[in-house]
Every structure is written in structure tokens, then in C-alpha cells.
Amino acid sequence: MKKAKTKGPFVKFITPYLFLSPTVILMLVLLVIPIFLVIQYSFFNNAIVVKEPVFVGFSNYVTILTDSIFWSAIKNTAIFVIASVIAHITIGMCFALLLNTKYFKTKTKYIFRIIYVLPWMFTASVIAILWKLMLQPQGIINYLFQFVNLATKDSEWLSSRTYALAAITFVNIWSGYPFYMISILAGLQGVSEDLYESSALDGAGAWKRFIYITIPQVKPILISIGMLDIVWTIQSFAVIWMLTGGGPVRTTETISIYIYKYAFNSSQYSLASTAAVIALIVCIILAIFYVKQQRKARE
Amino acid sequence: MVGSQKKSMKIILSIFIILGALYAGFPVLWMILSSFKSNVQVFAWPPTFIDFSFSFDSYIAILSNPEKVRFFINSYCISFIVVALTLVIGIMAAYGFSRFDFPLKGLINTIIISVQAIPPIVLLIPYMSLIVTMKLFNTYWALILTYLIFTLPYCILMTTGYFNTLSTDLDEAVRIDGGSRFTALWRILVPISVPGLVAVGMYTFMQAWNEYLFALVLTKTNNMRTVPVGINLLMGEHTYDWSQMMAMSFLGSLPVLILFLFFQRYFIAGMSAGAVKG
Amino acid sequence: MKMKRILAVLIVFVMVFSVTACGSSNSTGTEDATKESTTKESATQDSTADTSTVKDTGITLEFQQWWAVECPEGYVQNICDNFYKETGIKVELLSAPFADTKTQIVSGSTTGTVADLVSVDGSWVYDFATQGILTDMSALLAADGYDQSNINSQWQIDDTTYCLPVVNYAYPMFANMDILNDCGITELPKTWSEFQADCEIIKAKGYYPFALNLDTTSPSGIQNTYMGFAWASGIGIKDDTGAYKIAGNEGLKTFAEFMKGLNDAGYLYPGMSSLTEADMTSKFSSGELAFVINSMATLQSYRKDAPDMNIAAAAVPVKDDYADKSGMCYASWAVGITENSEHKAEAMKFLEYLFNADVNADLAVTQSAFPGSASAEPDYGDADQVFLDVYIMYQNGYPINDFICMKDANTFMTDYINELIPYMDGDVDVDSYLQNVQDAIDEIYK
């Protein structure tokens, strides 16, 4: 690293790669190799299950893409992802701003920051059983909703074909927003008071300050975490699986549940891999857009 | 006039912050309350809030069982090492992305983001073969490496975004003074970015602490198992031990809360930014 | 500057903490490893330390199971220790949660890390056998010359044995007698119409009469509760030739209509499509449910969670005109030996040890189960009266479970539930419901 001072052309060329090398090596060895294998499985029949699988070309892709359950899984995933990400951003932003206002004492903010970050503290299975306990008929949610006439003792949420998807989305929003909140809160620390003060002198209102100062400042962070959140929510599995198992009658079957059922219920790894590769392609397209946007932002 | 406006604003915000706290905290409160109940009371109707037979039985049962305490030790070790490694490796990569332009930048960036799209359940078997080939099966390193590749992308993206908001004049200044790029990164950029790094650290810790699937398949003996596996072991074939499950998750989250309490000082508005830009 | 110092201190703190913590735990890790290697390599040294007369063989078998979690603490380990004393073969227990044992076995066997012995649920056998995870046990049994008449049943696929059920659990109907007394019901219902009449009274009193657990995370409710109810009246999903006959099956049709009738009348616990077996057990313990069909193993948790509750075992009500023997759903703790195992013969020995008359009988008594070994004569003298009643019912009827060894059993059970719910909700008629289930099974066996 010390040679960077000499600034030879080769050193100049190699420096960024040196900074990136640990990351790149880890990713290449631990993720790219297994992913390459997954892509390979998707072109074979009965991968993993039999010793010598047969090459079948794109026939797995045809099977998956013509499966109506796959498309309903795509639809469920789309609803789940879009609703989750929008709600995450909104709630995360609101809470971060609330925790960043000057109206509260530092101590108050300390306490509320702790409370607000609580949903983040638990493993997926705990989130699932906790909400299952609360949302069951005769659970605490129905008990509390009774008083405002929103539910009865026997109201169904997770077991209702109408509400199940909304219910799992709600749980996912609850367990995911602290990630945004903390990231945005961290981003807000970079917003200089001077900027606010100068605009306050210009007589800008709270809303205008939010739009013209806060948003541009946290925008790079918002876009980054939004991108990651989309990718994560697409493949989010554990909470949904443990809450509903994709039911009732496939109303909460997202793409990850669909893949799991192929892989571990019917041992069709080839088909599971195929569906996973399709999800990968979608995310690569999203990632390309993201990288382009990043480049534009820098220029 | 301005004073009363400020007052009403404060009242409105107070209502919001309390409502928000209910939304965030009530389920957790319910969990803590449930951990003190017996299995039957967990299901009682109408639900009881505070139970008269208030008992620490489930906490005692967990803390007096060396096997379960071991789960906690494993989880702490793995999570802390992952946080340290993620931060070091991620910060370097973020510096590379933020301060350089180089031919493969876009490609590497795309790969780092999109590889996360493969559901872990599909990766499980090829990934596990890799770990077994590397002779890391049933060791801490199997889990540490796994969590590292899960948490690095967020660390890199977040820190890059953070570094991007900091002017390059800062590191130029260091280099004019004769410092290397390394000095610029660790002496100037990193200290300024502490709030962001705290967020990354917390995220990383939570991720490593809470992961279940890989923790289950990459280890097999109980002395290597982590807390989430321990919690799931309480879910029997026909019955769950509800109060122990709740107690165990609460115990697991406590240290993280304490750490967060400690790191909170870095979230005081304007502190870092004022120091830099002023 | 101050900030930097704080940060540095913190990083050091974290590093030191993790390193010390890991140091201590790693040392126990290596200790375990060295212990293992000593038993493997220097057998003589170990046997001198051992008080038993049998020489240490240096072999360690791994046993992947969920039993240790279910049994009293240390019980299963004790069996292994006794086995070691007799044979000098060590058995190491590997525990995973029941729901994920399948995942662990599948991923372990493709990467060569699977245990020597695995405990298997009836619905996994076919998959494991056809994927070559389980080894051909018929050959092992024959090579060993073991008296196979001691084994009550063998799980076979194409006439080859892959698993032996060590103990069996019956699925009787449990009745909460406190609720029934409160409702003035003195006699347990014997037929469908008596059951319906009782449900009406129970519901009027504000209790929930019965529950169907149709959650698809673990789709066993369709087998244990739904079909468990049907099997009692001799109604099944197979015809006399053993072929799957669901569409046009008159018995199943009447049964489906009977169940829908219970649902329409509001006798079934709400939220059945996300009700798990564990939920159902807890709801029965908390005194909300009058009747449940559940594993005999749950009796212990009822006794533990609700020690004052009066529980009775009821025969599952049968169709009004049915006079034949009743089938009773059962599930098993079965064990198979993996193809990966390097010590198949020794693994077989351990399995045979589990069929030892005393070991098997004691396990059965401890777990309120029925022995899988023919020579076992469990002493149920101290057993719960409820259990003894079920034992009589079990002996008067016959054990049945069509889903054991079925191809893609989990997929089929999920499909079955997914077709049943729209029918229960009144979205499809009974014939198309049964036809859809038939299509699902035909698709699997095509």
C-alpha cells in the first residue's frame, strides 16, 4: 500500500482492485461457484437426486414458465415486495425523522430509539411464532380489535384467503422497517445543520426543507437500501413459511415458497434451480439499473 | 405566536412517537409477558396481561442448562467476529468503489447485489458441498464465512453511499500532507462515518445472530449450534414450549440492545457532520 | 480525535471479547475432537479407563433424531451409553428440530455428512429410499441373521425394507371431560350423529367442539385428524386392490359431506388452515376444545400443562351403520441406515438393540407408545388410565396409515389440503373436490 505514493501507472491501475480484493475473492469462491452450479442444475433433469442427470436444455424453463402456479407465485411476490418496500421506506423515514427532531429531549430520543429498533432483534422463527400467537383466533390482536369493533374473538387473519397475504406483508413490514430507520437515521447525521439554518433564514417551511434538503441528502442511501431490500424481500422465506406455509390454498405462496416446495417437498432440485435462476435474472436486471443510476449520480 | 406553534407541533409529534412506539414495541412486550406465563396461560381467553403465577422458570431452565448456554456463547463469538470482519473488508471495498473509477466497477457492483437474489434454500446444497470440501463443516468458520458474504453487500453499499457524501477534498488534504490512501481512509473517512458504520455493525450483528437455515445445516453437533437452532429445538413434533421459546429470544436480544444503547451516542444529530463540514 | 479513540477502544473491546470467548469455546471444541480421535485411534487406552468388560471398538456411530428433545432429559443418551457398555460401539446423538430433520438429512446425504442412523417420518421414506439416501435394510437383516419375527412391521418400498418403526403412536380422540360434564354429556359419542348432537350442545355452551389442523407448513393434519377420522369407519383413499381411489369413492364422499356439515354448523375451531398440530395441542390444554384427534404422545403435555383437567380417551366416532373394526391412525419413530454409513453392520446392531425386549418396552412406556418389537412386554402398570383405554381400542381395532411410504407424501398432503379448503368454504362441490384430489395423486404417480 505504501507504494501508492510513487504512483506508477500499474500501481494506479491496481490500487482499486487491492481495496476490493478480499470482497471479490470471498464472493467468487463462496457465492459465484455455488450459483454457477445452480445454473447448471437448471439445465439437467433430476439434478442431485440421481448420480448422472441428463441434459435437457431449456425444458425445465418451459415447465416452469408454463406453470400457472409459478405465475400466481410471481403475482403474490410482486404484491408482497412492492407493499413491503414502500411501507418500509415510508415508516423507516417517518420514524427516523421523528427520532431526529429537535422537539424532544435527548434522553427521550434515547428511549424511543431503543423501542423503535426492537422488531429487529429477533430471529425469523420467533417473529413468526410471536405473530402467529397474536394473530390467531382468540389472540391478543382480536381481543384488542374487539373494543373498536374491527374483529371478533374468532376473526381469522393468517387462515383467511382474503387477508393472509396482507397479514404476512404486515408482519414483514413490522420486522423490516428498523433496518431502514437506522440506515436513514445514520444518513441524517450527515445532513449539516448549516444547510437547514440557511434555508430557514430563507423562510422555507418544514415540508420544503424535507423535500429540498433532507431527501437529496439521504437519497443515495435510500436508493442503495431500497435496492437491497427488493432483492431480500423477493427471496424472503422463513417468516412466510412458518406463518402460513404458503397457504391457505396457495394465497401466500411466494416465489421462495414455490422453490422450497420443489426442492424439499418433491425433491425436484432442477425445477427449483430453474425458478431460482429466473429470480436471479430479474434481480440482475434490477442491479444493472441500479449501477447505471449510481454512475449517473456520481457524474 | 411562534412559541405556541412550536408547542402544538410538539404535542402532535409526541402523539405520533407514542403511537409508533406501540406499533414497534407492543408485540415485543407481549413476547416478554408471555415468557413469564405457563403454556396454558399463553393461550388463555380473555388474554391475561400480567400473570399472578409470574415465574422465572423458563429463564432458570435455560440458564441452568450448559448446552443452551453454549448456544449463546457460539452465537456471540460468531456474530462478533462477523461484525469485525465485515466492517474491515466492507470499508476497504467501499473506499475502492467510492474513490476510484476502474474498468470492472460496474460488473463487480452488479454481481455483489444480484447474487443475493438466489434463495438460500437453492444454494444450500452446492454451498454445503463447498464447505465440506474446504473441511470447514461443523466449525465456526463455516458460519462466519457464510454470514460474511450475506452481510458484505449491505456494508459496501451503505458505506459507499456514506463515503460518496463526503468530499474528496478531505482525503486529498491528507495525501498532500504526505499520508497514504490507507491513512486517509482509516484516520479521516472512517471516524467521520461512525453513525453509518454503527448502523452497518448492528445490521451485521442481527443478521449473524438470527440466521437459521445455514446454522442448521452447516453444523451438526450441539456444541456448534447457535441460538436460533436452539430456539427451534424447542418446537417439538407435537407441542411447542412457548414460554421457553419466548424467554430464549428475549435473552438473545438483550446484549444487542445493550450494545445499541452504548452506540446511540453516535446518533446525536449533527455531531459528526458539524465536525466535518464546518 | 475523541471519536477515533472511542472507536479504537470499542474495536479492541469487541475483538478481545470475541477472541477470549472463542478461545474458551474452541478449546472445548478441540477437547471433544481429541476425545473422539482417542476413541477412534487408540482403543486400548480407552478400554482400560472403561469399567465395562467389553472392549472399545473405536467405532462411533452418529444418530440423527428428534427423540432426545421429546423424551425426558438424558433418556436417549442413556440408551446409547448402555449400548456402549454392551458392545463397545459409541453412539453420538445429533439433534435437529423435527420440522427440519428432513432438510438436514437430505443436505447431509448429498454432501456426505449425513449420520449413520437417521430417524425417519413415514412421509419421507419413499423419497429417501428412491434417492438412495437409505440403504437396503433387508440385506443387512439377512446378513445379520436377525430373527425378523421380532420386528412387528417393516417399512418397505418394492418389497425392500428401508426403515424399522421402533415405537408406534396411536392417534386416538381425546375428550375434555370437564367440558362434557359442564354440558351434561355423560356418554362419549360413538357414531357420527351422536357426535353431531354433542357438538351442538357443546357449541351452545360456548366451547369449541372439534378442531381440524390444516396448516400446510407441516401438512400432517390431513393424515392424522381428517383421514384419522375417516379410517375409523373403514373409509380410506385406497380401494381393495391398493390403488388410489378418491374420485367416485362413496365412503370418502359421505365423509367429506359429514365434515363439511360440522364446519358449516360452526363446530370446528376457527382458523383451521393455519392451525398446526402444536396449536391444537395447546388449545386443548387451555381448555377451549372438547375433542381432538392427536398423537398419544401429546397426553404427556396435557398432563404437564393442565394437571387438573379430566381427560378421557374416546373411540373416534364411526359412521352410523358401521359395525366393523375401526382403523386407528398411527405414526412411528422409525429408524433407517444411510447409504453413506461406513459402519452399516454396527448401525444395524444398534437398531437391533432398540428392538431388544427391555429397551423397546421401556421406551414405549416412557413415551406412551406401543412397542415395535414383538418380544417387548411393556409394563403399563403405572400408566395413565387414558393410555390404557387407548391400548384396548388399539388392540380391538387395527393400525392404519396410508401415507407412510407414499411417494411425495408431503406434496400430496399439501395438495389434498389445498383442495379440501375450497370445498369446506363452499367454493366447489364434493365431486369436483374429490376429482381434484384424484388428479393430484395421479399427477404424482403418472
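In order of appearance the chains are A, B and C, and numbering begins at 1 in each one.
Here is the rule we go by: a residue touches a chain if its C-beta (ideal position, glycine included) is under 8 Å from a C-beta of that chain, and two chains touch if they have at least 3 such contacts.
Fair warning: this is a prediction, and the values are worked out from it, not measured in the lab.
Asker: Once you count every C-beta pair in contact for both, which comes out on top, A-C or A-B?
Answerer: A-B
Asker: Among the chains here, which has the CA centroid at the largest distance from chain A's centroid?
Answerer: Ranked by distance of C-alpha centres from chain A, the top chain is C.
Asker: When the C-alpha atoms of chain A and chain C are each averaged to a single point, how far apart are the two points in Å?
Answerer: Roughly 35 Å separates the two chain centres.
Asker: With chain centres defined as C-alpha means, what is the inter-centre distance between chain A and chain B in Å?
Answerer: A distance of 14 Å separates the two centres.
Asker: Two-or-more-chain contact residues of chain B, please, as numbers and ranges.
Answerer: Residues 42-43, 45, 125, 213, 232, 235, 240, 242, 272 of chain B each touch two or more of the other chains.
Asker: When you check chain C against every other chain, which residues touch at least two of them?
Answerer: 103, 106, 110, 288
Asker: Quick check: what residues of chain A touch more than one other chain, meaning two or more?
Answerer: In chain A, the residues touching two or more other chains are 48, 138, 264.
Asker: Which of the residues in chain C end up touching chain A in this complex?
Answerer: 102-103, 106, 110, 127, 130-131, 214-219, 269-275, 279, 288, 408, 410-411, 414, 417-418, 421-422, 425
Asker: Using the touch definition from the top, list the residues of chain B that touch chain A in their complex.
Answerer: Per the stated touch rule, the residues are 6, 9-10, 13-14, 16-17, 20-21, 23-25, 27-28, 30-31, 34, 42-43, 45-47, 89-90, 92-93, 95-97, 99-100, 102, 104-106, 108-123, 125-127, 130, 145-146, 148-149, 152-154, 156-158, 160-162, 164-166, 180-182, 195-196, 198-199, 202-203, 206, 209-213, 227-228, 231-232, 235, 240, 242, 245-246, 249, 252-253, 256-257, 260-261, 264, 266-274, 277-278.
Asker: Give the list of chain C residues in touch with chain B in this complex.
Answerer: Going through chain C, the ones touching chain B are 3-4, 7, 11, 14-15, 17-18, 21-22, 24-26, 28-29, 32, 62, 64, 66, 69-70, 92, 94-100, 103-104, 106-108, 110-113, 115, 277-278, 281-283, 285-288, 294-295, 297-298, 301, 304-306.
Asker: What residues on chain A touch chain B, complex-wise?
Answerer: The touching residues are 1-2, 4-5, 13, 15-20, 22-24, 26-27, 29-35, 37-38, 48, 94-95, 98-104, 106, 110, 112-126, 129-131, 133-134, 138-140, 143, 153, 174, 178-179, 182-183, 185-194, 217, 220-221, 223-225, 227-228, 231-232, 234-235, 237-238, 255-256, 259-260, 263-264, 269, 272-273, 276, 279-280, 282-284, 286-288, 290-292, 294-295, 297-298.
Asker: Over in the complex, which chain B residues touch chain C? Could you list them?
Answerer: 38-45, 70, 73-74, 76-77, 80-81, 83-84, 124-125, 128-129, 132, 137-140, 187, 190-191, 194, 213, 216-217, 220-224, 229, 232-240, 242, 272, 275
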